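One chain, chain A, appears in both complexes that follow, with chain B as partner in the first and chain C in the second.
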Partner chain A sequence: MKRSSTVPSRRDGQTLSQKPGNQNEARGINYESPAAKFGFGILGAVLLLGLWQFAAIRGTFGNGLPTVSATLIELFALFGNPEFWTDTFTTIWLAVLGMVIAVVAGVMLGLLIGTIDWVRYATLAVTEFFKPIPPIVVLPLCVMIWGPTNTMALALVLLGTVLSTTIQVIAGVNDTDPVALSTARSYGMGRVERLLRVTLPSASPYIGTSVRIGAPAALIIVVVAGLLGGAPGLGSAIYRSQSAGDFPQTYALVLVLGVLGLVAQNLSSMIERRVLHWHPAFREDVK
Partner chain B sequence: MKRHLFNLALAITAPFVLILAWFKASSQSTNAFFPPLSDILVRFADLWIFEHFVSDIIPSMRNLIIGFALAAVLGVVIGFILATVPVLRVLFEPSLHLLRGIPPVALVPILITLVGFTDQMRISSIVIAAVFPTLIATMDGIKAVDASLKDVCTVYRLDRKDRLLSVYLPSASPQIAAGMQVSLLVAFIVMIASEMMGTAQGIGAMTLLAQQTFMAADMWAGILLLGLIGFLSNVLFDLVKNRALSWYIGSKKMEKVS
Partner chain C sequence: MNSTIPTTTQPKAGSTPVARLEVQGLAKTYGHGPKSVEVIKDLTFSIHAGEVVCIVGPSGVGKTTLLKCLAGLQPSSGGTMKIDGHQVSGPPAEMALVFQDYSRSLMPWLTVEKNLLLPLRHLHLPAAEVRTRIEEALNEVGLSHAAKRYPWQLSGGMQQRVAIARALAYRPEILIMDEPFASVDAQTRFDLEDLCLKIRDELGMTILLVTHDIDEAVYLSDRIVAIGNKPAQVLEVLPVDLPQPRNQITSRALPEFSGLRTKVLSLIRQSES
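Then we have the complex of A and B:
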């Protein structure tokens, strides 16, 4: 089914609105050039900030909406506040620690469940049931057992990320090339060696995916644990500033979280690409 | 074959065995955190089927459904506009990614400052947080429309409306559906979070209140109910999705066979 091979493609430059790069030049502006993207991106952000400032000055939301300037001043004040840095560090540390433990546990559990048939069937119902249930559901239980502590936040991160990592690893194990496994067996590799040299490497892109999805999720869970459970970190800082009525600080902290979330997303997909650069799925990127 | 039957039996009996084990192990429990399962089930029936069905379950579910529906529609519409109008896309895509980076639950305190502790606040938190997955998926889905499909549109001289509604939108729909599924999860999380922050209404509020007053059985009953809602809403979504996208799933199967 190769329809495009016989079709002289894209002559009609006016009606196609969705075109890669150079096609837009007919209109005079190339929206895909890095300079245009950067410039327009800044312009868009400024527009949105202007809208925010306008709404704040007009008092559309009463005094609940601080002005952009007040928020930015508060943001810079936070940078000089050691408590803010402790909170940020705690949040990042808990998310990273949770993610590392979750990956190690997920790989071990996933290899166990994925390679032994009866274990997989026995755990199928449990994993399928808990998969769509977010960790916030068990937050009250964690708070009851551990109180508003780092341990509680870490437990919540693990509850929220171990299962999804495990499921990814199981999928990776199932995706192992049977020919490669048979080859390894005929070369006389033992069970453990096959596991480490064939199954684990071929499951590694799935592990990469679980890290890419899990890292931002871990950050979010730490914030939830702080916001609703009182665990130390940026979450409880937001809660304190909000209940104290210090709204510029609330907004500034939420902005910080936005940036952190963005960094977590990009950093984890960068690590994924770096570590798995040898894998066919990532080789395509190189031109 | 015998092995297969054994595995199947194992898969079916395992959950029952687990529940039974929980029941047995906890039956004599005096641990304040882990009350007997029988107590939890009694409280579950008392609380959720009788006392708080109208006062708490219905408002929670209403907020979830309205919030998710609005988020799904807005996500598709905004994503569609952003993906098809290049100026708007380059203007707002970077800001969008920053907003998306904000943990959804962190929007709740912001909405409280803006709107106060009302149902309006809860629904708008759900909408704002849950709109992003659908929005981004719609944009990506339309961006990824097959080049040969676009060529076919050109050859058939489809006008803009036909092109967008009968080619681009269906072609992006598998990705949109995947985005909506994430939106549903986010909506559910924010529903709980919006109730756990300083209100006395809703399933989340009841559960947290039970925890704060050390009513362990009540808290477990809340956790069970929330877990069930999370699980069942996902199952329901899968059913609808598989129905709506049966043409796509069918074509994927054909591809695998050939």
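Then we have the complex of A and C:
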């Protein structure tokens, strides 16, 4: 899990693909058009599936790699299985709930730590200590306390996301423009009002970044909690199919996870773009 | 702090001037002991109701520190500041501040009208009055059409007009501006200067402006407070007797105009050497 405190730079994706833009225009392909994006995206996926199928038929990885067709058949079989849907929804629910709690807790902690000096100094050593500890290390401890339960998975998600969200919010609070704060003060706005109406919106790009990084991370942690800790959800489903030697089902479940990750990533980016439409990184019209 | 809802009509400076803002022996020293830096030594001046007063000094003289002290954003090390005879500590309710850096004082996540609304919320005014104040203020600065836009969609001059409109909607009795026209182009600067004089005439506001531009100070002021030297102290308070209303072309062409400019400039030059 990355805990960088960076705010999205200005349209990072676009500047990359626009650099060779002139050459591409000369060849008549506009890589920015939705059709081209979709088409080339499909091309990449198909190439990968082809490679997979080829390796599976050749038997490069022995039993460990089933064919694409066997996996897809198993995937469609899963769609008819109510247990699969329960697992999927449990995983999504735990990840979303964890993320929501992490953001609320992170914002409250971040505002507290970021604005009150003694709290900042009191928590500095503690946060620095916990920062490099990945949640997976704490997993055995959580299993010991809560057993293979939803609570355990949720606790693990929080351990993995609250701190990074808090650190982002602190960075956002520190980045609040002193001129904006002075303006608010000179107009007689109170401490709490300044915090909610100036500091919090100023920090919102940082909160957006933490959600964008945290949402896929939360999903991964829930799956790990299931896979290694036996918590309900897709993780333990993968574990069960794997230990039963049902590799096509294992791969089908991994595919589902991949899609969920993609959705989580895109959804959080979309919400970020909506909410932060005023931020220089997302502004639509440039003067 | 006295009444929070200021009245908009003040008697114009004229036959019986009243000291609205009185600064007596204001001093500011940063730090303690041998490492301390004395930024402001002794500032004493007063501003009458409805007056436009400019504080002029060379750059780096501590004008911004002075302003922060006046606006109650920073405690002073000595001296007193009184509004209508009442001593002020914290940011006075009857005062509004316009910063030089409009791009940083306007909130980019709020539309123009929401930026105007921001400081009004805690006054708990009736909704209808809030609406009227915002509409009138935007109308005053000629930005009614931009109410729903975001500050960053506007030009620099327009953004500074939004910042001024925000101050107007707050209906302060005293408007303090920190080099408000320093980062806009020359033409916009003239327009904003005239806007400044217009709101004084129409709303009877008392305006204190800090600038390093001597021409601007002469053009706008009823009186000029020339400050100089490190640490800052008042060199002289000069009355500006140019006829009202001022005009960008004719007022600036008057011999009195260049006379005053020369006087202020030589005062400041002398203090520097």
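In the analysis below, the second predicted complex is superposed on the first by the 242 of 287 C-alpha atoms of A that agree within 3 Å, B and C clash if a C-alpha of one lies under 4 Å from a C-alpha of the other, contacts with A are read in each partner's own complex, and residues count from 1 in each chain.
By definition in this document, contacts are C-beta pairs under 8 Å (C-beta built on N, C-alpha and C of every residue); 3 or more make two chains touch, one makes a residue touch a chain.
Owing to the predicted nature of the structure, the values given are computational and were not obtained by experimental measurement.
S.K.: Of the partners chain B and chain C, which touch A:I73 in the superposed model: first, second, both, neither?
M.R.: neither
S.K.: In the superposed arrangement, which partner chain does A:R197 touch: chain B (first), chain C (second), both, or neither?
M.R.: In the superposition, A:R197 contacts chain C only.
S.K.: So in the superposed three-chain picture, is A:W278 touching just chain B, just chain C, both, or none of them (first/second/both/neither)?
M.R.: second
S.K.: Applying the touch criterion given at the start, work out whether A:Y251 contacts chain B, chain C, both or neither, answering first, second, both or neither.
M.R.: Touch status of A:Y251: first partner only.
S.K.: For chain A, which side has the bigger count of touched residues, chain B or chain C?
M.R.: Residues of chain A touched, chain B against chain C: more for B.
S.K.: Per the contact definition in the header, classify A:L227: touching chain B only (first), chain C only (second), both, or neither.
M.R.: first
S.K.: Using the superposition on chain A described above, determine whether A:D177 touches chain B (first), chain C (second), both, or neither.
M.R.: second
S.K.: Check whether A:L112 is in contact with chain B, with chain C, with both or with neither, and answer first, second, both or neither.
M.R.: The answer is neither, since A:L112 touches no partner chain.
S.K.: Quick check on my understanding: which residues of chain A belong to both its chain B contact set and its chain C contact set?
M.R.: Common to the two interfaces on chain A: nothing.
S.K.: Would you mind writing out the residues of chain C in touch with chain A in their complex?
M.R.: 4, 68, 71-73, 91, 93, 95-97, 99, 101, 104-105, 107-110, 118-119, 121-122, 150, 152-153, 155, 170
S.K.: Under the touch definition given earlier, write down the residues of chain A that touch chain C in their complex.
M.R.: 177, 179-180, 182-190, 193, 197-198, 201, 204, 278-280, 283, 285, 287
S.K.: Considering only the defined contacts, which chain A positions touch chain B in the complex?
M.R.: Against chain B, chain A makes touches at 2-4, 7, 9-12, 15-18, 24, 31, 36-37, 40-41, 43-45, 47-48, 61, 64-65, 117-118, 121-126, 129-134, 136-141, 143-145, 216, 219-220, 223-224, 227-228, 235, 238-239, 242-243, 247, 250-251, 254, 257-265.
S.K.: Looking at the complex, which residues from chain B come into contact with chain A?
M.R.: Touch residues, chain B against chain A: 3, 6-8, 10-12, 14-15, 18, 33, 83-87, 89-95, 97-110, 112-116, 142-143, 145, 147-148, 150-152, 154-155, 159-160, 163, 168, 185, 188-189, 192-193, 196-198, 207-208, 210-211, 214, 216, 219-220, 222-223, 226-227, 230-231, 233-234.
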